[in-house]
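In what follows, a structure is listed as structure tokens, so that the remarks can point back to it.
All chains are identified by letter, namely A, B and C, in their written order; residue positions are counted from 1 within each chain.
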Amino acid sequence: MSGLLTLRGASRAELEELLDFAQSFVGGSVIHRGGAGGTVTTVFFEPSTRTRLSFEKAAHHLGAHVMSFDAPKSSTAKDESFRDTILTLTAMGTDVFVIRHWLADAAELTAAWSGRPVVNAGVGKREHPTQTLTDALTLRQRFGHLDGLRVAIVGDVGNSRVARGHLAALPTLGVELTLVGPTPFFPAVDPWGVRKSTDLDSELGDMDVIYLLRIQKERGSSAGIPSERGYARRYGMNEERLSMLKPTSVIMHPGPINRGLEIDGVVAEGERSLILEQVANGVPVRMAVLSLALGERR
Amino acid sequence: MSGLLTLRGASRAELEELLDFAQSFVGGSVIHRGGAGGTVTTVFFEPSTRTRLSFEKAAHHLGAHVMSFDAPKSSTAKDESFRDTILTLTAMGTDVFVIRHWLADAAELTAAWSGRPVVNAGVGKREHPTQTLTDALTLRQRFGHLDGLRVAIVGDVGNSRVARGHLAALPTLGVELTLVGPTPFFPAVDPWGVRKSTDLDSELGDMDVIYLLRIQKERGSSAGIPSERGYARRYGMNEERLSMLKPTSVIMHPGPINRGLEIDGVVAEGERSLILEQVANGVPVRMAVLSLALGERR
Amino acid sequence: MSGLLTLRGASRAELEELLDFAQSFVGGSVIHRGGAGGTVTTVFFEPSTRTRLSFEKAAHHLGAHVMSFDAPKSSTAKDESFRDTILTLTAMGTDVFVIRHWLADAAELTAAWSGRPVVNAGVGKREHPTQTLTDALTLRQRFGHLDGLRVAIVGDVGNSRVARGHLAALPTLGVELTLVGPTPFFPAVDPWGVRKSTDLDSELGDMDVIYLLRIQKERGSSAGIPSERGYARRYGMNEERLSMLKPTSVIMHPGPINRGLEIDGVVAEGERSLILEQVANGVPVRMAVLSLALGERR
């Protein structure tokens, strides 16, 4: 593995080994000084404080130095090209890059330009692979296994990096995915041949997991739906729908949530919700991924 | 103590013990690695670089990891609610929160939502308790005691978090407070029954400490006064007024100062001024407060 | 040495000793914990992420704590004066200041106000001394010596902090400087009595180093030239000009580069280019300078 650009093509054994390694960091508030060391550089061309802080905390626990490059308030103001930014940060001593960018190729380009391991923290309309691993780990903790779990991904799958990562890896791990939402939300091209449904209510009784995606107003999700109110009525997770689930079923969401839109607050904070477990598992998953990436550099 | 939300209700013994503990960190540029450890998360919904840096330096000296959440450039841009921000940062591994917010209940809410110790770094129109402790420590260092000290707080008390903290704690420590300023600057409601005066000049000869508040133009302080020039003439601390003080009396100000408005530069930097001692003491006071808060979490 | 304000007046022996010390940090990704310790405060009144990150990485490698004071998003919003900012950061426990400011006297003023060692990271129209040391180190690594090297500095010397530092120190180290560019780009006053040329092409065959300056549109460099295209045609470093150099000659640039203006991308990334070596050497040079400055404080 050279950093983590994509989960596509990863075998079941590789994914499970990665989850095992991540699990070994759970609960470890111990700082692994004398551990990996090195320098992790976060390069965010789109703001995402929660993802950045999660990576930086993971790097800190590994004893690594963090350089934070935030595009808007930096040398891009002088028109420094993306390529030159990466070459400069590499020369300055970056061991591993963590990159978020609106450009789909940004992670691959960074890897090619820098010759360093790169962790994709969300690029273009591609994956957000550490979120997918986090969610897989969270499910495995809850159910003890992933094999045969029925997961409905509800929302704007076509615009979702999270869904793209889930489609790339969860079926490999034995998960049965169903995409749920209004037709305009389904991906235009579907190489996965995954099951789809426009009727959430008819799916609820069969699912182990209702995975809600954020309606991303800033990415034009709203354009695919007649109205937010209409969406909430048909696809929003509320108490009534919660009562239609099997007793063991759970609710997930990658955050940040829109309360009252794709999920009601009482559901998000209810005992069926794994949302905060997802957040918590983000740190050990990123520790595992960064640890491997830093290890390559030694 | 669960973090530090308020100084109201604290006993004299409790306050003195806290000051003793803070004093033990004075001059200690030594880094207490292997000390408290843990993660301190600063959440600033209003900018205040000096307060944030002081808390972060204190956390660093205790060997803690710092997560800085600055509201404006972060996920609030995606409308993440304050509550969800706190729940997320908690799940991410926050041990202690340090919070500044325009909302009066922000610190209590954070404590309730997170179940973590919270240090109030200035909320709504409530207190800024670490500033009050810092000032108390500074006075104790200078006078050897607090009992019987006469302190005039000059300025917009009604809008001042600093004054509110002083009113909550300094009388308990034996300090005799007098509020000085134009009538519109006095608090609308006065549960403290504290002495007031609109005539600074007649007070100068009796006071041990002239504690000047910042005219906070950004909080509308100016609305209470006919003109800045008029205010400076009646209440600004200048060399002439300095000469009317007792030889042992001192000048304090929580910063940042408005030179030529509530205080002349020559006074702020004169030998009677304790302003920089106040800044310096901010770090050991915050080390003490964070150390106790982190200790609760172990 | 009290920090590093200027290279003017430094003797050859002093400069060479400093370069030797910097060289000792090259390749040292080892963290010198238990090393200098202390607190390094970066105060940037102009944004420059690459310079700030380079200093902060150097400080980290020395085991120092870093406080980052970014002017725009901080207490200057409350009109805190520059002087008060420095006095406050000093009282808060700064051991060494690193300062960038539009004001020419900013570094000297900071040193005078704080009584602390100050490293000039670019002020007014003065020097950017750590860049000059970085470039000298890079040249010494490449050529084995500096004595007798012929260096052409091409561009807006009059507005360049980098050129000003080079003029202050490189001749002392035995370098023969030539300034190249359109007449309006030469400094209005020339105390150095340095050789000048408006014709780059006639110089190429004689030079060991072509040192290209950035056309700083944000500082009005463009005002001195009829058009960017015309400048690129006469002074831009392209493959054709590269072929006119001696086989051992090299290209340098302090970055960030304007591709297609003062330098073509293919030249910047060609094997003659030392640009990334310059970036890499920035860290050990700053480690050396900060290490000495921190040492003064112990």
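The rule is short, and it goes like this: a residue touches a chain if its C-beta (ideal position, glycine included) is under 8 Å from a C-beta of that chain, and two chains touch if they have at least 3 such contacts.
Since this is a predicted model, take the numbers as computed values, not measurements.
Overlaying the C-alpha trace of subunit A on that of subunit C calls for a turn of 120°, given as a multiple of 5.
Look at the contact of subunit A with subunit B and you find different residues on each copy: under half of the numbers used there are shared.
Centre-to-centre separation of subunit A and subunit B, using mean CA positions: 40 Å.
Residue positions of subunit A touching 2 or more other chains: 70. Touching subunit C in their complex are the following residues of subunit A: 37-39, 65, 67, 69-70, 73-75, 77-81, 84, 87-93. Every residue of subunit A that touches subunit B in the complex is listed here, in rising order: 29, 31, 47-50, 53-54, 56-57, 60-61, 70, 218, 255-259, 269, 276-277, 279-280, 282-283.
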